[in-house]
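Just below sit the structures, each encoded as structure tokens.
Shared between the two complexes below is chain A, which has chain B as its partner in the first and chain C in the second.
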Partner chain A sequence: MGNITLLDILGSALIAGFLLMIISHSNARMNETLFTTGNDLVVQEELVTLVQTIEEDFRRLGYCRDQMKIADPSKALLQAGAASISFQTDVDNDGNVDTLSYYLGAVADLAVTRNPRDRILYRKVNGSGPMPMNIGLTLFDVHYFDVNNNSIARPVASPSAVHQIEIDIRLESTAPYDTTYSFAAWRQLRLRSRNLTGR
Partner chain B sequence: MGKYSIMLVFALVVMLGVILPNVHSLGNRSVENFLNYSMQIQSHNLAVSGANAAATQIYLTPEWREGYSEVSVNGGRYNVSVTDYDTNKIRILSVGGLEDSRDTVLVILQGTSFSRYAYYSKVEGAITWITGDTVWGPFHTQDQMKISGTPVFKGKASAKNGTNPDPSLAIFEGGFVKGVSIDLPLNLDPTEQGAIDGGRVFATGDLWLNFVNNNVEWKTAVGDPPTVTALSDFTANGTIMLNAGNIHVQGVLDGRVTLLAKQGGVSSAGNIYIDDDIRYTHDPRTGASSNILGLIAENDVIITDNAANNSSVTIQAAIFCHKGGLTAQNHNSRPVAGKINLLGGLVQYQRRPVGIFSSVGGIPTITSGFLKNYRYDDRFYIDAPPFYPWTGGYQVVTWME
Partner chain C sequence: MTQIFLGIGAILLLGIATISMNRGFEANDEVMRSSKHAVIATSIAASVIEDATGRAFDEVSIDSLIVDPSGLTSPGALGPESGETAHTPDDFDDYDGFTRYDTVDVGGALNKVVFLTSAVVTYVEPTTPELTSSSRTLFKKISVTVTSPTMKETVRQELVFTYFRFQ
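Here is the complex of A and B:
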């Protein structure tokens, strides 16, 4: 009888140990899943928000409600660099020409985050202060193509030669789970503003 | 011990029950987020497709205004309305939709004036575009472009009969299209009607015009003293027509004017003579300017052989020669006269000579007449002098997405 009781106790302890291990492991895995899925969602939502703003702005490159104010839209692209761009547009659709700039900040601007690669993408309208678009951006790469789809060296010496633009964006989470950062990437293939070359 | 095991199992179930829905919720939101973006893009693409389809239809049939209703494409749909807008403009409103997502594209088309061309010719003749030639602004010829070397065309270029050779080494920075036909109008009736309706019409004989800002000094006989009239009194809508004679023009213009010289059955008539510089009061290259001039000759626009024009001549205007071209009087016997500084555009039936060159030590050197310095006036992309001839087609002037 005594032996049976002892076996019961040992068996129960063994099963309890397994259960505790399973719970502990499950807990760790679920925490990881919860954290990374949450990070993924945040990064993806930030990317979509950023991309929607960028797409809307870039599609209006060279646009002005009062078309006489940008008579020659091929001159609307003012500066075209690898990680910066400046162009004329009508941001608020009020018939006045605005100068809109996008540029990537320095890594040091985001020293507060744990991600060593992330930067701020700034959006600047006319002479107003630059507006940070988001955090967690690790890539903002703009490529330019001429009328024959040939790539143009950056910074572009003659912006009026640009007919199409390609944009690559990559966002990462500001903090890793363990050492892994969540990320989301977007590429605009050959964005062509109709105003830029419409005339 | 058994009850503790059950409690542990229960704890595990509770934990899973709380966390797993959260994980699933995050996953669902992620997918929803992507789907919303995807649907928005699809709606946008549908709206763009509708606008493109309508613009193409107007290109093929300029009077088309039917639009499109509930056109199904790729699981979505688009609706397009096409309406006349302002003066000689068309408004295309395209709405694309996929499920609950909507997006709109608004396009304004404008009748294309011949003034939009930096260079247009019906007949190229023996002209060859060579290395060193540069054309700023839109280019079109109804002929074949003869190319030697690497001339540069900065704006959109088109040639009905392509290039020779084909392909050529010409640099078309704004793109090149062959097979496009944009013929000169059969007549100049719209401009003539503009002058009759609200402008100024002279019947026969020559007409001398000297613009002095917003006044005009004018006379109809070379020896007469000029009459000074406010430009707005001289022509209400800016159009001035001479029915059978030649117009002589010079001065500084502050206004919007089109001159039309018709032949009227007189073989020596239908020309516009530029007796001296003709320029704008407000130079569009140095600030906003509404000054605009159109010179329309049924035959030629001619740079007069006189002392004033022997040290370069400045012409700020859109030039249109229905049966002729821009030329210099006595181009092969007049002295070397500097440059033609043209700011505007040149539409001509056929290119005419403005000077004579000879080769000196292998270098082309001018021996009489003018060198050419032609620059495009960017405003002519969408602006035009009053009642200037138009091509019959439309061009996109704004595209709002």
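Here is the complex of A and C:
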């Protein structure tokens, strides 16, 4: 009788241990899924919003409602660097030429987040203050190609030689789950502005 | 002894519930991974279309003005001309038959993911752009398809390119 009771107690303890372990693992997995799913969603939404803005702006590179104000669109690209670009455009379609710049901020600008790699992408119109586009950007890499699809060394010495622009963007979550950051990437291989190569 | 059997039964039930829950998590992970890769695939497809629309409408329109569609490349001859490939295009329909593998670093456990991009160019009528036209028109449609073993769905983008020229 005593042995059977002892066996029951030991068996119960073992089963309880298993149950606790299973519940604990399931709980951890559920937390991970909830956290990463939420992060993934935020990062993807941020990426889509950012890409929409960039595409709209870059498509207007060299465009002006009053076309005589940018008579030679090949000179619309003012500065072309690896993580910065500046060009003439007509941001608000009012017929006046604007200078639009994109550039990547320093890592220290986003020291407040836990992600050590994320930066702010700034968008600046004319002399106004730079507008932070988003947080969580870890890659903003711009490549330039000439009319023969040859890559041009950056920073581009002669921006008028640029016929195509390639932009790689990568966003990561500002906080990790454990040590893993959620991410989303956009690989715009070729962005060809119709205004850049002549009307 | 009865209690032990009851306990084992409880563990089995919990195990079944846990496996079911884990399957749900895995399915969720797969959907998220697939949607991430679909974003990249969309960007690749958009890039190919972007590149194609920057080309001349037809081989004959590179250096001259088109006034009559009958002078355009015949529907059966769309694609790279002799001496060209889909990777050295000089006009829009050179993208017909285009295929390319892109390996993209997506981070995470998968790290590198391969995307297969293919394109088809056809003539279309402006009133029925969804149908392939068997005759020459001033409208060509490019259909770009991007697939990857890591994506549940195929990404497909289409664009109708129209001949225009500023005088």
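Convention: the second predicted complex is superposed on the first by the 181 of 199 C-alpha atoms of A that agree within 3 Å, B and C clash if a C-alpha of one lies under 4 Å from a C-alpha of the other, contacts with A are read in each partner's own complex, and residues count from 1 in each chain.
Just so it is clear, a contact is a pair of C-beta atoms (placed from the backbone, for glycine too) under 8 Å apart; a residue touches a chain by one contact, two chains touch by 3 or more.
A quick note: this is a predicted structure, and the numbers were derived from the prediction, not measured.
The superposition on chain A brings chain B into a clash with chain C.
Applying the stated contact rule after C-alpha superposition, one finds that A:154 touches neither chain B nor chain C.
Of the two partner chains placed around the shared chain by superposition, chain B is the only one that A:27 touches, whereas chain C remains out of contact. In the superposition on chain A, contact of A:143 is made with neither chain B nor chain C.
In the overlay built on the shared chain, the residue A:124 is in contact with neither chain B nor chain C.
Of the two partner chains, chain B is the only one touched by A:64; chain C is not. Once the two complexes are overlaid on the shared chain, A:191 sits against chain C while remaining clear of chain B. When the two complexes are overlaid on their common chain A, residue A:40 makes contact with chain B and with chain C alike. Looking at chain A, you'll find residues 8, 12, 15, 19, 22-23, 26, 30, 33, 37, 40, 44, 48, 51, 194, 197, 199 touch chain B in one structure and chain C in the other.
Within the complex, the chain C residues that touch chain A are 1, 3-4, 7-8, 10-11, 14-15, 18, 21-22, 25, 28-29, 32, 35-36, 39-40, 43-44, 46-48, 50-51, 53-54, 102, 104-108, 166. Against chain B, the residues of chain A that register as touching in their complex are 8-9, 12-13, 15-16, 19-20, 22-23, 26-27, 30, 33-34, 37-38, 40-41, 44-45, 48, 51-52, 56, 59-60, 63-65, 67-68, 71-72, 74-75, 93, 146-147, 160-161, 163, 193-195, 197-199.
Note for the complex: chain A touches chain C at residues 4, 7-8, 11-12, 15, 18-19, 22-23, 25-26, 29-30, 33, 36-37, 40, 44, 47-48, 51, 164, 166, 170, 180, 183-192, 194, 197, 199. Those residues of chain B that touch chain A in the complex are listed here as 1-2, 4-5, 8-9, 11-12, 15-16, 19-20, 22-23, 26-27, 29-30, 33-34, 36-37, 40, 108, 116, 138, 154-156, 172-175, 378-379, 381-383, 395-401.
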